[in-house]
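The following pair of complexes shares a single chain, subunit A, combined with subunit B in the former and subunit C in the latter.
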Partner chain A sequence: MSRADVTPAGVYHRAVVYGLFLILLLPLAGTLLYSLATSWSATILPEGLTLKWYLALWSDERFLRAFGQSLVVCFGALALSTVLILPLMFVVHYHFPRLDGLMNILILLPFAVPPVVSSVGLLQLYGSGPLAMVGTPWILIGCYFTVALPFMYRAIANNLQAINLRDLMDAAHLLGASTWQAALLVVLPNLRKGLMVSLFLSFSFLFGEFVFANLLVGSRYETLQVYLNNMRNSSGHFNSALVISYFFFVLVFTWAANRLNKDKP
Partner chain B sequence: MKHSRSKWLALLWLLPFAVVFGLFQIAPLVWVATHSLEAVDGWGLGNFREVFDSPFYLQAIKHSLQIAFWSSLIGIVVALLGSYSLRRVDSRLRDFVMAFSTMTSNFAGVPLAFAFIILLGFNGALTLILKQSGLIEDFNLYSKAGLIVLYTYFQIPLGVLLLYPAFDALREDWRESAALLGANHWQFWRHIGLPVLTPALLGTFVILLANALGAYATVYALTTGNFNVLPIRIAAMVAGDIFLDPNMASALAMVLVGLMLVITAAHQWLLRRSYHVAR
Partner chain C sequence: MSFLSIQGLHKRYGATPIFSDIDCEIAQGEFVTLLGPSGCGKSTLLRCIAGLTEVNGGRILLDGQDLVPLTPQKRGIGMVFQSYALFPNMTVEQNVAFGLRMQKVAPGDRDQRVREVLELVELGELAGRYPHQLSGGQCQRVALARSLVTRPRLLLLDEPLSALDARIRKHLREQIRRIQLELGLTTLFVTHDQEEALTLSDRIFLMDAGRIVQSGDAETLYTTPVNAFAAGFIGNYNLLDADSASRLLARPVNGRVAIRPESIGIGGDAGIEAQVRGHSLLGNVIRYRVEARGVELLVDVLNRSADDLYGDGQALRLVIDAAAVREVA
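Then we have the complex of A and B:
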């Protein structure tokens, strides 16, 4: 222990940090304990420990289907985002840098307009007619693209600034590459890290998206969050096992993003 | 010549993006904005008049604002104390708690509501401990106070995430200079620390407010839509099973968007003022 740690100020700061950690940990720790408890009601500690809730959960077909459908929607949305955003970023930053200002305003919209507001219009526009998408995974993929857009745009824009796009393109052109070749073979590999980090992070919050999923699709294509909400009346232990399993999955993805972010390129 | 043509061809690449963004972001917003003006008695502000005449809708707005304000305020104070202390502990503890905080920022919505029912519900472990130790008489998670506690929980990690980098602006030698010139701890914070951090604090507070105002999943999962806040009211009129009124929902939705805009405008104004004072 260094000298700074035993001064009154050092002790105070450590105490605050541990306090913060404890506040953030408490709901998770409580849920974890509940998911492992045989029975726990009206007492401070559970009566015994068991893994039966996890076994019940992971052998429930409806859960596995919801899990798979969540993955389909999230990966679909991330694939769509990548295909739409990467060419956009390249064209904006290489050919029309002025458009970056406009883009920075557009990507504020998903923040300023909460999903519950968008849902009102989406339900009316795509409930029937030529684009009847309500109740299908397609509408979720489209909406999740707008949710992921601000994060992906910012992360990739930062990455683009760091690699000095113009010099890189000029160098590639001098060596005889076409703009196409330069973009695909020179710029894209350099954006891999920024792209991967933003994909991992986007996944971890898209996986937990509930508003669009519940209002636009609901039980017609049940995702994990909607399933969790629909199971509200089943055993609390079962639900806890579900929450912990879900959080574990998110944790792995956030951790991967964190690791990737720290690695020196 | 060839170069400029390829440049304009490149614009075609923006087309798919524009179509999808238009379909899923712009079109719904335009629909909501126009239909909010379509009342039973024709086009006009009829829906908005009804919102501001109805005690029920006004209560939803009031609850939303109260919960957003208090959860943001408590959240930002905890995040401020936490981020400052995080800067002053050894890097191993700091990295660990920062990583954990980032992870818990994804712990919101339905799972968070369930976790809180287990801990702080009527028979929750924490409720029992606090009751037995005589610290509280009773605690109702499904009330306004309960919701403020719940919202505060998901505001803290976001606050830490946004405030932590802001401490970069506070240089260590300023503290030493201030101490040399005879300033004590409080004087340093009153005259140097807080003014330097003000823009970051305001910005973070605005994001927390917007975050709480728009939150739907947590309160819906906790109270099955029985607590009267704006997002719940809006959703009930387009996806509920009692009565549907998309035009009225649009008007309420525009009130929510309006609140967001007012908050953002107030933020810009305060920001300019704080710079002015600093100069």
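Then we have the complex of A and C:
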């Protein structure tokens, strides 16, 4: 044990950190316990433990479909983001560095307009006419793209600033590489870290998104959060199992992502 | 005929001229330094030769071929950057091999050439490392190897030593010169450091505000600066206006004069009366700040022994050799 741990200040600091951790963990632990309880109403502790809620959940076809549909929408939005934002970032930072200021304002827009307000606008725009997409997953993919944009742009922009883009491109050009070869062989591999971090961050965020999903699509293409909302009148044990499953999935996903990211330089 | 010939080259950003009417001739195998303060246009000139920045007019002839219409890929020029610009995702070996991969050199031949050039910069055993595992000096040697492996016709070095600490800088600069002589490589080196320029170059082009002010070998530049800028930039010349110079030398002087600090003798019984105002120890040299006839001068003397040291305020006599007094524009 290091010296800092046994001083009064050290003890105090540790107490604060662990206390905070405990407070944050408590609701989750309660939910976990509730999802494992046979029945828990008039007693301090549950009457018995069971896995039946999880079995019921994971054999519910509607849940499985919602889970799959959430994945489709999230991966669709993230794939669209990657395909659009990466080349955009490259062009902005390499050819038009002055546009970076404009881009920084642009990417703030999704934060400036609350989801409830922008979904009203989106409903107007895409409710009818040639681009009638309301009620389909396509509108969610497009909408989630704008939500993910700030995270993606910032993370990749930081990454780009750290690698000295211009000198790398110049060096590659002088060694005989075309701009495409330089971008694919030299720049892209060095953006992997920023890209991965922003993708995982956006994924965990989008996977739990409710407002847009509910207002723009609702039950016509049920995502996980909408499903949870629609099931709010069913058994609390069942819903707890759903929340814990959801949380556990995101946790495992994030952990795996971190592991994947750590190995290479 | 010269190997690299630059004729009437000029470059501006918007209305601001970066450099104009640059003319120079460089022979094959020559090591030429572009020396000047930051912002004088020397780095931009180098980038224009490499094709990384477009010029607004003029010609760059390399071995008789005009480079201006060519893309950087087609110029056959190697370049080393101040920031090293190594590819962080590749090992030392992959970095060096990159140019050969782009030229589609057969893998067997490629490996051999990479090995050879890594031996040349004494980095053979670090081939498997990534750039972030190397020191600054090692990074710059990898960058040098990477630009040499494609056998460029011309090597450009853009302040390659400026990010390194003094000891490594000295060592690496000797290594660069050795390799350059060994390969007989025509080299253009950009620096703002006069010591680097003087020790390395066959010839120096001194640049100021987008123009070549003076060119010549180190000896010429050091001993015969053409104007006040050249005198001020190279060495630690005492620059005096006409009035001060006339008073100090007790004879009429028409223009500004430059006097090298080490050309002033002290310690004799005859000469101009002066007083020590301060001194600083530069290792083997002691630099005195003295005042004579109301003019302040720097005087450098060899640091032979502590007994010879003059204290501040002490009186002494100066001998200024007439040949060392140089009138400058």
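Operating definition for what follows: the second predicted complex is superposed on the first by the 256 of 265 C-alpha atoms of A that agree within 3 Å, B and C clash if a C-alpha of one lies under 4 Å from a C-alpha of the other, contacts with A are read in each partner's own complex, and residues count from 1 in each chain.
As a working rule, a residue touches a chain if its C-beta (ideal position, glycine included) is under 8 Å from a C-beta of that chain, and two chains touch if they have at least 3 such contacts.
These figures come from a predicted structure and were not determined experimentally.
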Mind checking the superposed model to see whether subunit B and subunit C fit together on subunit A or clash?
fit
Now for A:Gly76: first (subunit B), second (subunit C), both, or neither, which partner does it touch?
neither
On the A-aligned overlay, A:Gly135 touches which partner chain: subunit B = first, subunit C = second, or both, or neither?
neither
In the superposed arrangement, does A:Pro150 touch subunit B (first), subunit C (second), both or neither?
neither
Where does A:Leu174 make contact in the superposed view: on subunit B (first), on subunit C (second), on both, or on neither?
second
Which angle, to the nearest 10 degrees, do you get at the Cα centre of subunit A between the Cα centres of subunit B and subunit C?
90
Tell me which of subunit B and subunit C touches more residues of subunit A.
B
Minimum CA distance, subunit B versus subunit C, superposed model, integer angstrom?
8
Where subunit A meets both subunit C and subunit B, residue numbers:
none
Touching residues of subunit A toward subunit B in the complex: what are they?
2, 5, 9-10, 12-14, 16-17, 19-21, 23-28, 30-31, 34, 40-45, 80, 83-85, 87-88, 90-92, 94-96, 106, 109-125, 131, 139, 142-143, 145-146, 149, 179, 204-205, 208, 210-211, 214-215, 218, 225, 228-229, 232, 236, 239-240, 243, 246-247, 250-251, 254-255, 258
Where on subunit A is subunit C touching in the complex?
163-164, 167-168, 170-178, 181, 185-186, 189-190, 192, 265
Subunit B contacts subunit A in the complex at 6-7, 10-11, 13-14, 16-17, 20-21, 23-32, 35, 78, 81-82, 84-86, 88-90, 93-94, 97, 99-104, 106-112, 114-119, 123-126, 128-129, 132, 153, 156-157, 160, 210, 213-214, 216-217, 220-221, 224, 231, 234-235, 238-239, 246, 249-250, 253, 256-257, 260-261, 264
In the complex, go through subunit C and note every residue touching subunit A.
47, 50-52, 71-73, 75, 77-79, 81, 83, 85-89, 98-99, 102-103, 130, 132, 143, 146-147, 150
